[in-house]
Amino acid sequence: MTKRLFPQYQRFGLFMAMALFMTLMLAACGDNTATPVPATTAAATKAATTAAATTTSAATTSAAATTAVATTAGATTAATAGGASVSKSGFKGTLSYWALGYAPGANTGFSKSTDAAVAAFTKANPDIKVEVVGYTADQAGFAKIVNAVQAGSGVDAFRIPNDSLPVLVKQGAVAPIDEYITDADRSDILPGLLDTVKFDGKYYAWPLWVPPVAMYLNVDIFKEKGVDLPKEGWTYDQFVEIAKKLTFTRANGEKVYGYSALVDPGLVDTWPFILSDGARPLSADNTKYTFNTPEGISGLKKVTDLALVHKVTPPDFGTQKLDDILTAMQKKLQAMWSRPSGDSATLKANGLNFQIIHMPIGKSGKAVSAGGIGLIAVAANKDKARLSASMDLVKYLTSAGVEKDVPGYYLAPAARKAVTVQEPFSFFAPIAPTAWITPSLPAWTQIRTLIHPNLQNAIFGKMTAEDALGQPTVEVNKLLAAQ
Amino acid sequence: MAQFDVGKIPVRQVSTGQRIVLFFRKNSWGYAFVLPSMLTFAIFTFFPVIWSFIISFQDFRPRGGTTWNGFDNYVKAFTTQNNVFVTALKNTAYYAILTVTANILIALILASLIQPLNKYAQTFFRAAYYLPAVTSAVIIAVIWRWMFNTQWGFLNYLLSLFGADAVRWLSDPDIALNSIVLSTVFTAPATGVVLFSAAMGSVPKDLYEAAELEGAGPVRKWWSITLPLIKSTTLYVVVLYTIASFEVFEKVYVMVPSGVGDSTQTIVTQIYQMLYSNLNYGVASAQAIVLFLIIATISVFQFKFLRSDVEY
Amino acid sequence: MAAELVNVKGRTKAVSSIWWKVPLWLALIITTIISLFPMYWLFVTALTPTKDTIKIPPDIIPVNASLDNFNRLFSQAKYYSNWAINSFVITITITVFHVAFDTLSGYAFAKKKFFGRNVLFWLVLSTLMIPPHVTLTPLYFVVQNFGLRDNLLAVIMPGTASVFGIFLMRQFIQTLPTELEEAGRIDGCSEWGVFWRIIAPLSKPAIGALAIFTFVRYWNDYLWPSMVLIKAPSQTLPVGVASLQTEFSTDYGLIFSGASLAALPMIIFFLLFQRYFLEGVRMGALKG
């Protein structure tokens, strides 16, 4: 710690004086273009990361604000096999790619592989630099991306879930991809996915992957209690039986819970249960609210019973944050967790002994999953060369070539047939085509914020399942009618 | 305003032309001195406020296509999403009433309690109460969320020592808002203590002595002398805390980011959701203007109500 | 029974008895503990190894204290020192401008006569009632139009003056005798000279208080910096610390060590200057 930090503080006075001066100097020219500092990508060695940290720190002192602008220097993992095509846009400069869930230099799979993929692209296109900006999947994160996309500068490409895209399209902030998508692309992308990005006859984003929800099993807890791991085709009742057996208190006072999952307006982690009896939130043509049906209500009861009747969920079920559940999984305090594929990378990296299985079967007779589509879109821009270069970048980041260059890039079943994803994500691939996908409707963000507090209240036992799903009916139908 | 009389006398003695020049000179210095800060306000406060006001009458599209829609946004502000804004108003009012009342009472009591202590002890306690106020609200909220955790939080551990059941502090809709109130109340009202303590220190001592000769006890003196004489401070503190509590946001957002049903929805969290989740700038602006009107009304009302007989 | 609560000099010596003093001190000490406990818990958690942070029962006194979390913070949160430097740059710059602008305006509003003075003053004062969230979106577009996103100036520029500061300086300067200015003018001082040589030196206590408040306020500022400082290296400590929560979601030790280090400078600053702090709070509320 001391070795890294203190040299900076020894020259602190100097830094401060310089910074103050530079701050004033930059009053007029504060754009992001000011002195980009080349830094190696985090995909490289530890030493490279350290170097990057030190160089950029000096740069930001002068308020120049540049993130790790990827150059080819550190891209050791990017093989030369070459999936990245050369951009014919003629664009020279820096593109800004906003990656959901990316943390610069963080030790997560997504951050590393994004760095490597971007490095592979810039290697093929030496005139183009790409800076990766991370944003979080919570409301604060979306606030940032929405502000930037709306303001119309500082963001070229951005990764976004399909249900958050339509509002931005409606505001005219997203560029259509029609001119850039080829017939080969169309036939490669899984059937139906392009329809979810189609508005008024135009396509507005490149589908990346489809992360559906499945059940994570904390194997060591099963062993501890001598419970057999469930087999594919298990039913909800079997699930409850297991969850009950795996809810217990250890001799040292630790409480172990059978099941938990996140409940958040932006997530559908508990929705497979609600959908398992055959209910869907909206009618097939998205004109009518259909969660208030008996199937929907019995489906929601499956979730609320876990908390209220079977008592297999932790006391904070309904308001837990990701860190609560990840901690519980890693500390072996939670046996089962319904969650999309991405986190299997985190659990694997932490050495947890876990298995993944399809969601238990409800009255509909088959395993139902839910999920969104990960998309990468390009912000509307009048600069044609810039737009075209951004399209080339995004096309590469959603292609089969990127998985060849950066094995393990796809953290979920890919949107293209040509991509073969790695273990354990490959497990999710057969689930993806049958999963219920969040609708691409401008009104959906409002609809889900209407449904969400009711789901919570039902879980807390403050509302019956009937009321929870019935009460939003009028309002949701109004929203659907208005579009 | 006695100080201006001095300046006026020489002006009257000179000719009209010179007077204009002099007057102009005087004015221009005044303008010059306020110019830098007024420029900052103009660009970063007045302009955004006016723009926000305009947006509240529009279907605002930053990338083009903005249309006017009259008072629609104001109607929608209240009716949208099953009247969630009304719930937010109620929650915020509940939070404000509880925290302001508690803060003022606690501040008054603590300030009164440290009054008889010696100088060093007074300084110590005032500093101790003020310390949390120099720490970021976000960090304080992170700690509270951590202490409120049902399974491994400190508060439930404390309860378990007394054999009490675990409380679902932030995951029971009947409790969550109260937990947030609790976290505010348990953080000493720093500004209040300091201000009351200063005001109490400046109450003339002979008043107390006179009261003692009349045979008044400490409680009587506190009620009849201290309280009336610090009323203007009370007014200031009440306004201060009321405005702060109506604008509560970071705390709620950090402690319960996904909400607890609608039970923790406050005015500002609702505005934030409207802005960045639904991208409805018009309605968000209308709701913000409503918040402004509420704060303005309360401030004016409190001034009128509390000021009527404070002068001394 | 009739004990004395109010400290009175002279004849009426306090009839203090142990029965009054014990509960009094007890009450004060308990409230102090309650009030300071979250701060204490912050540092305890920061010093507790992550594997022990969710232990039941928790260690109320950090028996296993180690600096391991801090070591990992500096090796893993690679922009932490950037955040610290950014925070210092922003708060110091803002404080300097703040003091200069607010003192000038405060002086003008207190002593200068100019057309529209009162209207302007009340206009400025009324903005105190405007919730900052009203202006969030328009302000963002303004800053974006200046090309300032991810530039520390985006935080610095809107912070160069404040209503509170102007109000405080006006209140203070109003109490200075006008005769001093007049004497200065007779001695041949220019208007600027009067301000610089007479008003500014006399206003030192208020300037000190204002500087301290501004420093603390902008050091802890979260919402606005979090909207305009997006890239990791350009963030400030509160924003960066909040992002640690998503980046190292389960590493509570690391998150809290980051948070405690962000809080530490202000705590030290406060303990060093606490007299001025408390003086400043009082001054800000002088009756106007």
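So that you can tell them apart, the chains are marked A, B and C in the order they are listed, and the count of residues begins at 1 in each.
Note that a contact is a pair of C-beta atoms (placed from the backbone, for glycine too) under 8 Å apart; a residue touches a chain by one contact, two chains touch by 3 or more.
Since the model is a prediction, treat every value here as computed from it, not as a measurement.
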Taking each chain's C-alpha mean as its centre, the one farthest from chain C: A
Highest C-beta pair count, chain pair: B-C
Chain A and chain B, separation of their C-alpha mean positions in angstrom: 37
Rounded Å distance between chain B and chain C, as computed from the means of their C-alpha atoms: 15
Chain C, residues touching no fewer than two other chains: 54, 56, 137, 141, 242, 245, 252
Sequence positions of chain A contacting 2 or more other chains: 138, 140, 143, 147, 151-152, 321
Contacts with two or more other chains, residues of chain B listed in rising order: 62, 151, 272, 275
Contact footprint of chain B on chain A as seen in their complex: 138-140, 142-143, 146-147, 150-152, 167-168, 171-173, 255, 262-265, 314-321, 324, 333, 380, 445-446, 449-450, 452-454, 456-457, 460, 462-463, 471-472, 475
Footprint of chain A on chain B - complex, ascending: 61-65, 80-82, 149-151, 166, 168, 170-174, 176, 253, 256-262, 265, 272-273, 275-279
Chain C-facing residues of chain B, complex: 2-4, 6-7, 26-31, 33-34, 36-38, 40-41, 43-49, 51-52, 55, 62, 106, 110, 112-117, 123, 125-132, 134-140, 142-144, 146-147, 151-152, 154, 157, 186-188, 190-191, 194-195, 198, 205, 208-209, 212, 217-218, 221-222, 226, 232-233, 236-237, 243, 246-247, 249-250, 254, 268, 271-272, 275, 281, 284-285, 288-289, 291-292, 295-296, 299
Complex interface listing, chain A residues touching chain C: 1, 4-5, 8, 12, 15-16, 19-20, 23, 26-27, 29-32, 49-50, 52-53, 56-57, 59-61, 63-67, 103-107, 131, 133-136, 138, 140, 143-144, 147-148, 151-154, 253-254, 321-323, 326-327, 330-331
Complex interface listing, chain C residues touching chain B: 2-10, 12, 14, 16, 24, 27-28, 31-32, 34-36, 38-39, 41-42, 45, 54-58, 100-102, 104-105, 107-109, 111-115, 117, 120, 124, 126-139, 141-142, 157-158, 160-161, 166, 178, 182, 191, 195, 216, 219-220, 222-223, 238, 241-242, 245, 252, 255-256, 259, 262-263, 266-267, 269-271, 274-275, 277-278, 281-282, 285, 287
